[in-house]
Each structure stands twice: as C-alpha cells, then as structure tokens.
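Both of the next two complexes hold subunit A, though its partner changes from subunit B to subunit C.
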Partner chain A sequence: MQIDTLVKSPGCWLSMREDTGIVVSSRVRLARNIRDVAFPGWAGEGERVRVCRELRAVFDRTETMAGSLFLDMSELTALDKEILKERHLISHELAEKGAGSGLIVSEDEGISVMINEEDHLRMQAITPGMHLEEIWHGLDLLDSEVERGVGFAFDGRLGYLTACPSNVGTGLRASVMMHLSGLKLLDEAQAVINGLERIGLAVRGLLGEGTEASGNMFQISNQSTLGRSEGEIIAQLVCVVGDLVDHERHARARLFQQRRTFLVDHIGRAIGVALHARILSSREAVDLLSALRLGVDFGFITNLKARQINEIMLLTQPGHLQKMCNRILGPEERDQMRAGLLRDRLGEVKLRE
Partner chain B sequence: MQIDTLVKSPGCWLSMREDTGIVVSSRVRLARNIRDVAFPGWAGEGERVRVCRELRAVFDRTETMAGSLFLDMSELTALDKEILKERHLISHELAEKGAGSGLIVSEDEGISVMINEEDHLRMQAITPGMHLEEIWHGLDLLDSEVERGVGFAFDGRLGYLTACPSNVGTGLRASVMMHLSGLKLLDEAQAVINGLERIGLAVRGLLGEGTEASGNMFQISNQSTLGRSEGEIIAQLVCVVGDLVDHERHARARLFQQRRTFLVDHIGRAIGVALHARILSSREAVDLLSALRLGVDFGFITNLKARQINEIMLLTQPGHLQKMCNRILGPEERDQMRAGLLRDRLGEVKLRE
Partner chain C sequence: MKCQICQQNEANLQVKQVISGDVREIAVCGECAAKSGVKEASIPMLTDFLFGIGMKPQPQPVDEDKACVECHMRYSDFRKGSLLGCAACYESFESELRPLLESIHEGDRHTGKAPAGELAAAETAGLKDRLSRAVAEQDFEKAAELRDRLREIESKREAAACSGKGDSNAD
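And now, the complex of A and B:
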C-alpha cells in the first residue's frame, strides 16, 4: 500500500463504519522506548535509522501489524505529511523529522505507530464513536506482542520511561473527540471545560495540542500517566465522558424544547451558507459542518449521514484539498475549492422542521 | 382615505413604478412658516390647532393636494406613527407631537406635508430613482399654490425664516438615497463620504438623521440652505450624485472583473441566509437585501426585481411587521416574522453565475 492508496481509501477511521453522535471518536496511544538505547532526541541519525529498521521488523512479526504500510519521513512530501497530520496519524513533531523516523499504519488506519518521534514508539488506536475500552484492549495486545520482540525501558517504581516526564508511568494517553454543540450554543461549554480541567483532564481542539476548539469539537484526554493503572485511566475517562454525554443531551433537549427557533435558525443558516458560499475558510467550514451535524442528530436534516459530515470535515482540510487536485493551492484557492466541495456534497441537503 | 388604506396600498413611493438602481430615491422638502404667527415650539396648543386647521384649508384649495388624507397626530396610535416614520412621511419629532400637529399626504405618498413639526410647514416630495429636478419643480409648484393662500415668514435679506437657523434661506433640503454597496465592499465608501462632507454635504443612514448607514444605503443631502438659490442647491446635488453613480459603477466593474468570486460569495451567502434563517434583525435584513439588490443589478439574480426588494425592505421594518399581523410584537417575535417574510417572498430566488 502506498500513501496515495491510503489517501484515496474510504477506509479512513473518520468516515468508516458507524454514524457517530456526541462522541465522534475514541483514541488511545502508548509511549514506549527501547531499553538501553538513547531517546530519539539524543540519538544520532545512524542510531535512529538502525532503531527504526529494527522496530519495523518487530512490528512485521506481530499479528496485528504484519504487512502494514510503512512511511519513511525522509521520503514523504510536505503535502503527504500534512495529510497524515489531518488524519491524526502523525504529529507535527514527527512530520518535522527525517531519516530514521516513520509511520507504520494499518490498512483501515485504526492502528498506527510513530517511530522515533519524541519516543522510540508511539502506538495509537483510533476508532469512530465511543469505544475506549475496546481499542485499549486492542492496543494492549499489540503492546504485548511488541514487547516479546524488544525490551522496553521500564522502571519498577516509575513504570515505562519516556522522553517527557509527563508520559512516564503508563505512557498512556486516552482521548475522545466530542461534539458539544448543545453546550456551546447555550454558552455552557466553558464551565464544563473548567470542571474537566479541575479534575485533571486536558481539553483541546480538533487538531490536538495548542489548537482551539473549532466546530464545537473538544478533545478530552487524561493529563497524568503516573500513579494509576491503565485500567483506572480508561475507566475515569469512560465515566467522565458518560457524564458529558448526559450533559450534552440535556443541553440539546433544552434547546429543542425551549429555544427551538434559535436552534433551527442556527442549523438553517449553516445550510444556507454551505449551499451558497463561494469562499470558505477551514474554520468556518468546520463550524458549518458542526451545525449540520447537529441538524442530523436532531432529525432536522434527514438526507445526510454523520459519517458523510465526518468525511467532508476531513476532505476540506488544506492537505486533502490539495491532494485531491494534485497541486499546491494558495489559501484563496483552497477557500474556493472548499466552498465548492461543500456545495457538491451537500447539494441535496434540506431543512425539515 | 384612512391610514389603513394607506398602509395596505402598494402605491407607496418606495415600491412603485420603476426599478431603481444605484439611486434608490430622491427627496426634496421645504420648510415654511406663516408670517406673524409664533413658531410651533413657542405657540400654545390652541394656536397650533388653529394654524393646523387653517393650513389644511389652504392645502385643500390647492390643485396638487385637494382631497388628500389628513392624519392628526393626536388621533394616531404609536404603531401608526411608527409606520409613517418607516415610510419617510413623518419625522420622529412630529410623531412626538399631539393635537395641532398632523400630516397631509397624497394618495401615492409622493407628496406629504407635516404641519406644526418644528416649522409650521414641512412640504416633501419623494420618488424612486434619480428625479431631483422633476420633484423639485412639483414641490415648487405646490409652494406657490400655498403661498397664494397664506403669507410666509420671509426676510428680504435672509429669505424664508425657520425655527432652526440651519434651514433659513431657501428652507430647502434635497436628498438622495444611494445604494453604494460596490464602494462599501471595496472599503472605499468612507473616503467618499469624507469627501462629500468636505464639500458641505451631509451623509446619513437609511432612516435619516442620527442613524448609521445600514444595508449600504446612504442618504446624501445639502447642509446649507442659505446664500444659494434652490436651483443651485439642486444642481450641485445632481452633479455630485452623477459623480457618485460613476464611482459606484466603477467600483462594481472592478468587483465584477477582479473580485468576482468574492462578489458571488457575498451575494450567494445573502441568498443562503435569507432563505434559511429563522431569526433576522432589522439590521441584518437590510444588509441581506442590499446584497440581493446587488445580485439583481449584476444579473446574478434574475427572478427578482429591485422594486420587490424595496417593498420587502419597507415591510420588514418593525411597524409594518406589526401592522401586518395587527398586534404589538416583542423584538424576538418581530425577528422571527421578518425571517418568515423573507423566506416567503424570496423562496424562488436563485443564484445564476
């Protein structure tokens, strides 16, 4: 499989399988390093290349990842890297690296492994909907398979050792992407976020660390990886997410019952602009798609599926837009292409009150 | 004729006759006072009532205004006054007055006379499109007819005397309402306005003195009434308006040739929001209608006429909305009614590139 196949594949986790509701996706990642080998930030290029080769071989011998695609950071174009970032398969940091750093990714993109990012290994499982426990079990299995082939840096007292102290211990980061537009429309999202941060969870935007919540998408993850078992971390997040879903449902019920015109206005305007705009920024597009998603969730829009919205959200990002027309586009051209794509894909969308 | 007839009449100057382009309407008014009678602000109620009765009789004897509707300010509801203001037939000041103040208005609303506003008489002629000279001649004729029946306060050196020094001399205010959305979209309107103000013209918003320009509508009028003849005042305004029309046409040509996508985006979004919003403020409605008007002028919208837009602009104002459903509406209800009216009236509007 080549990157072009991957890009054209409809098997991307974001558009596949189920129609997601409030929880758009679940993600788990494990940070691991090889025992007695310098962390990537301290190793020379030769050592990083050697480690990468060895790790590829280890993954090739696992049942989970055998035959997966490997992408070498030194061989990818800037655009390909952009696309992988937009698909949540690589981080900004990995994209900056060259020889000796790469990505192993399963055909459905559900499991991916960054080699020589900040740590030797960053293994990720991602899936649409709320399935934290399932994907954690899958990733735990892969972790055990890998550990049979390579010794991990581990301290009896601290746990797994990582380049950044914030990952020491379990090396586990579990996160969910939630679509909290009910709370946002009622101006209650900030209070909820503050509450989450007080109990030690991190809240980020659609594109991860350092990004603002756009399109009413919030990524919620554990901050601490130390002092608790993997099971406890996952269980806390599952519990909090359950509460958040209840909060969001309650907000939506209030919108529907008490502020229906406001709600329909919000969704209707998004349809109107999506069908008629000729210029759309990334930011505005996700905001419109968020409103359409809410329309689908409420049943005001019946001829559109949440997974189609997920797909449009992916395809309208700058890298994907450029890949689609096979050339580098300036920001203005992208904004026009994006508007065209929304009109094409949403041409039949109607509001039913 | 009663006020209800007037309100329901399609003969209102704003929606009648021609499809207006850049110059939406022309208006001329004359301030006059009766010789040796106290100005309305100094007169007692009894005197104002007497003056009003006498003036009505004078107008009834003119060829122009015989048989016209008279509306007594003390007999009108707040809502009726609101409607008359929205139709540019009375001022905010006249609406505040009671017995002894009133309005005489011709059937097509093209000529109207406020009695006992700030001056004893404020006679106005208004018409769609650019017809300053024509309506000035009509109003001049009425002025002469009235002067045969009543002596005006006049000073050989100063000219006609008025309550406010700013009207002394000719008592003439000529104005045009212009739709300068090309200049506005190119961010050049402010420079043009500054230029107009430097040559002694006043620039106001859609609803006259003290209002902001909304919907890219600018009312341009002479400031000084003294030291020049009526003909000179009109001629200057005609000349300036001609220049402004050229400026605006040039701006539109640049938009069409150099920024077509931006232009189509602007018009398309307005269509999208107009057809889908459930809540619309007055301000947003006129902005949308301004964009639609531009779409009509450019031929991007073919199944809509400028006069229909003028009519919607009038009907979506708070007073007219309330008159249509015969009850007082709160601001939220009005915003919903307004959105409904736009959807109804614009249902068939499509963008053709």
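And now, the complex of A and C:
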C-alpha cells in the first residue's frame, strides 16, 4: 500500500461507520518506551534508526498489524506529511522528524503507530462514533502482542515511563470528538467546558492541542495518566460523554421546540452559502458543515449522511485539496477549490421543514 | 510571661501549632490573638501572622546542574525542553519531579496494566515478605502455603521464558 492509495481510500476510519451523531469519533493512544534505551529526543540518530528498525520487525510479527503500511519520515514530502496530519495519523512533532522516525498504519487506518516521536512508541486506535471501550480493548491486545517482542520501560510505582512526565503511569490518553452545536447555538458550551476542566478533563479544538473549537467540534480527553487504571480512565470518560450527549440532546430539543425558526434559518443559510459560494476558507467550511450536520441530525436534510460530511471535512483541508490536483496551491486557489468541492458534493441537498 | 508577638503585654493564651512536623507552643496576649484572628481558633492564620508563610512546606531549592546517572541529561535540559532523557531520569530527578507529578496527576502510584514479567515480580516480592513474616511468627502452616505459591509462580515464569511468551494482565 502506498500513500497515494491511502489518500483515495474509501476505507478511511472516518467513513467506516454510519453511526456518527453527537459523538463524531473516539480515540485511544498509548505511550511506550523500550527499556534501557534513551528516549528519542535525547538519543542520537543512529540509535533512533536502530530502534525504528527493531520496532518495525516487532510489529511485522503481530497479528493486529499484518499487512500494514510503513512510512519513513525522511522519505516523505511536506505535502504527504500534511495529508497524514489531516487524517490524524501523525502529529505535527512527528512530521518535523527525519531518519529513524516513521509511521505504521493499518489498512483501514483504524490503528496507527508513530515510531520515535516524543516516545519510542505512540500507538493509536480511532473509530467513528462512541466506541472507547471497544478500541481500548483492541489497542490493549496490540500492546500485549508488542510487549512479547520488546521490553518496555516500566517502574513498579510510576508505571510505564514516558519522555514527558504528563504521560507517565498508564501512558493512556483517551479522547472523544463531539459536535456540540446545540449548546454552542444557545451559548451554553463555555459553562460545560469549564465544568469539564474542573473535573480534570482537557477540552481542545478540532485539530488537537492549542487549537480553538472550530465547527463546534470539541475534543475531550483525560488529563491525568497516573493513579487510575486504564479501565477507570475510560469508564470516567464514557460516563461524562454520556452526560454531555444528554445535555446536547436537551439543548437541541429546546432549539427545536422554542426557537425553531432560528434553527431552520441557521441550517438553511448554511445550505445557501454551501451551494453558491465561490470562495470558502477552511474555517468557514467547517462551520457550514457543522450546520449541515445539525440539519442531518434533525432530519431537515434527508439526502445527506453524517458519513459524507466527515468525508467532505477531510477532503476540504489544504493537504487533501492539493493532493487531489497534484500540485501546490496558494491559499486563494485553495479557497476556490474548496467552494467548488462543496458545490459538487452538496448539489442535491435540500432543506425540508 | 510576656506575649511572644508584641513582647509587651502579659501572655494569657497558649497556642499550639505544627510547622514542618514540629509542634511549637507559643504564648500570646489577647490583643495579639485578636489581631491574628485566633478567636476563630484558626491556627494556620496565627501561623501566617507569626511567620508570614502559613502551613505550606517551603519548596526545596532545585539543583539545575544535577545530571541523570544514566543518560547525563541535566535538570536544566529538562526544564528547557520539558522532556526527560531516559527512564532512569525518573529516579535521578525523583525529588525534583515529585511536585510536578503531584500537580499533573490524580495519584502517585500506577494501578493499571503492567508487563507480564513485572507483574509476577511484584507479586513474588509481596509473597516473599509475607513468607518471612510467617516464619518469624512461627506460623508454619501459612509459611508452607506461601512457599508453594512462590514455587508455582517461579515454575510458570520459567515455562514462559522457555517458550518466549507470556500473558499480559490488564487491570
């Protein structure tokens, strides 16, 4: 499998399932390091190359990652790296690395492994909808498979040892991407976010750390990795996300019952702009898609699926737009292409009251 | 006895306080006690008044040049990049990292998954402790039971080592 086939692949995790509503996707990642080897940031290039080779061989022998693709960071173009970032397969930090750093990714992109990013290993499982327990179970199995081939840095008291002390212990970060446009339209999202931060959860925007919540998308994850077991961390998040879904449903019900004209206007305007705009920035596009998603969830738009919206969200990002026409585009050209793509894909969309 | 705060009035109150683990008794007059709010029986407030620091322990000075015994990363390197050099840094900078870990995490002890070998090692160490205690207390029945469990774990470990495989235990 090559990166070009990956880009065109309909098997991308975002379009795998139909059940994306308020919870857009679930993600779990584990940080691990090899025993008695310096962490990647402190090790020399030779050591990183050796570790990378060793780890690739270990993953090749696992059942979970059979037939997966390996991409060496030193062999990828800047555009390829951009595509991988937009697909949530690599971080900005890994993209900056060269020889000795790489990515192993399963055919459906559901499991990806960053080698020599901040830690020797960052293993990630991702899926649409709310399936945290299920993907944790899968990642746990992969972790155990890998552990049979390589000794992990572990301490009886501190657990799995990581380059950054904020990941020590379980090395587990579980996160859920939520579409909270009902709460946002009623101006109640900020209060909810403050509440989440008070109970020790982190809230970030669509594109991870340091980004604001565009398109009414919020990424909610555990902050602490030491003190509670993996099962307890996941259970807390599942419980909080369940409550948040109830809050969002309640907000949407109030919008529907008390401010229906405002709601339909919001969705109708988005359809109007999406079908007729000739220039669209990334930010404007995700906001329009958020309104369309709300229209689909309410049944005001019937000939569009959440899965298709996910796909458009991915394809309208700068890297994907450029890969599709196989050349580097300036921001203005990208905005025009993005508007064109929305018109093409959403041409049949109609508002039904 | 004179008040230990103003050194003028006659002391008519004895206040006990704990500072960094030491219990001190201080004699104060009614006026100074009222000023420091001791009426509300607030010992930390009086401590604040007397020493200006409250009950919080003073942070330990950090040696920026301290280096990890294994990878030789200095603490100042960690402060610059926020990343440690190797697993041994956790032990080398144990006292420096402790307040940081306490501020980030909910607990100070890992309670989740462990690699198969580590789990067996922790269990064996616990059993050995209990075995020595049972022998010391001359509880030979218990000691025999613990010895058998230890042997069982050891033989399982050897078998796993021979096949090159081991099962990991989730939480």
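Assume the second predicted complex is superposed on the first by the 352 of 353 C-alpha atoms of A that agree within 3 Å, B and C clash if a C-alpha of one lies under 4 Å from a C-alpha of the other, contacts with A are read in each partner's own complex, and residues count from 1 in each chain.
By definition in this document, a contact is a pair of C-beta atoms (placed from the backbone, for glycine too) under 8 Å apart; a residue touches a chain by one contact, two chains touch by 3 or more.
Keep in mind that this is a model prediction, so the values were computed, not measured.
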Partner touching more residues of subunit A, whether subunit B or subunit C: C
Touched partner set for A:256, first subunit B, second subunit C, both or neither: neither
Partner chain(s) touched by A:151 [first = subunit B, second = subunit C, both, neither]: second
Which of subunit B and subunit C A:200 touches, first, second, both or neither: second
First, second, both or neither for A:118, with subunit B first and subunit C second: second
Partner chain(s) touched by A:339 [first = subunit B, second = subunit C, both, neither]: first
Subunit B versus subunit C as contact partner of A:298, first or second or both or neither: neither
Contacts of A:272 with subunit B and subunit C, given as first, second, both or neither: first
Footprint overlap on subunit A, where subunit B in one structure and subunit C in the other make contact: none
Of all residues in subunit B, those that touch subunit A in their complex: 261-262, 264-265, 268-269, 271-279, 336, 339, 351
Residue ranges of subunit A in contact with subunit C within the complex: 33, 35-39, 41-42, 118, 140, 143-144, 147-148, 151-161, 163-166, 168-170, 172, 200, 223-232
Subunit C - residues contacting subunit A, complex: 71, 73, 81-87, 90, 97, 100-101, 104-118, 121-122, 164-168, 170-171
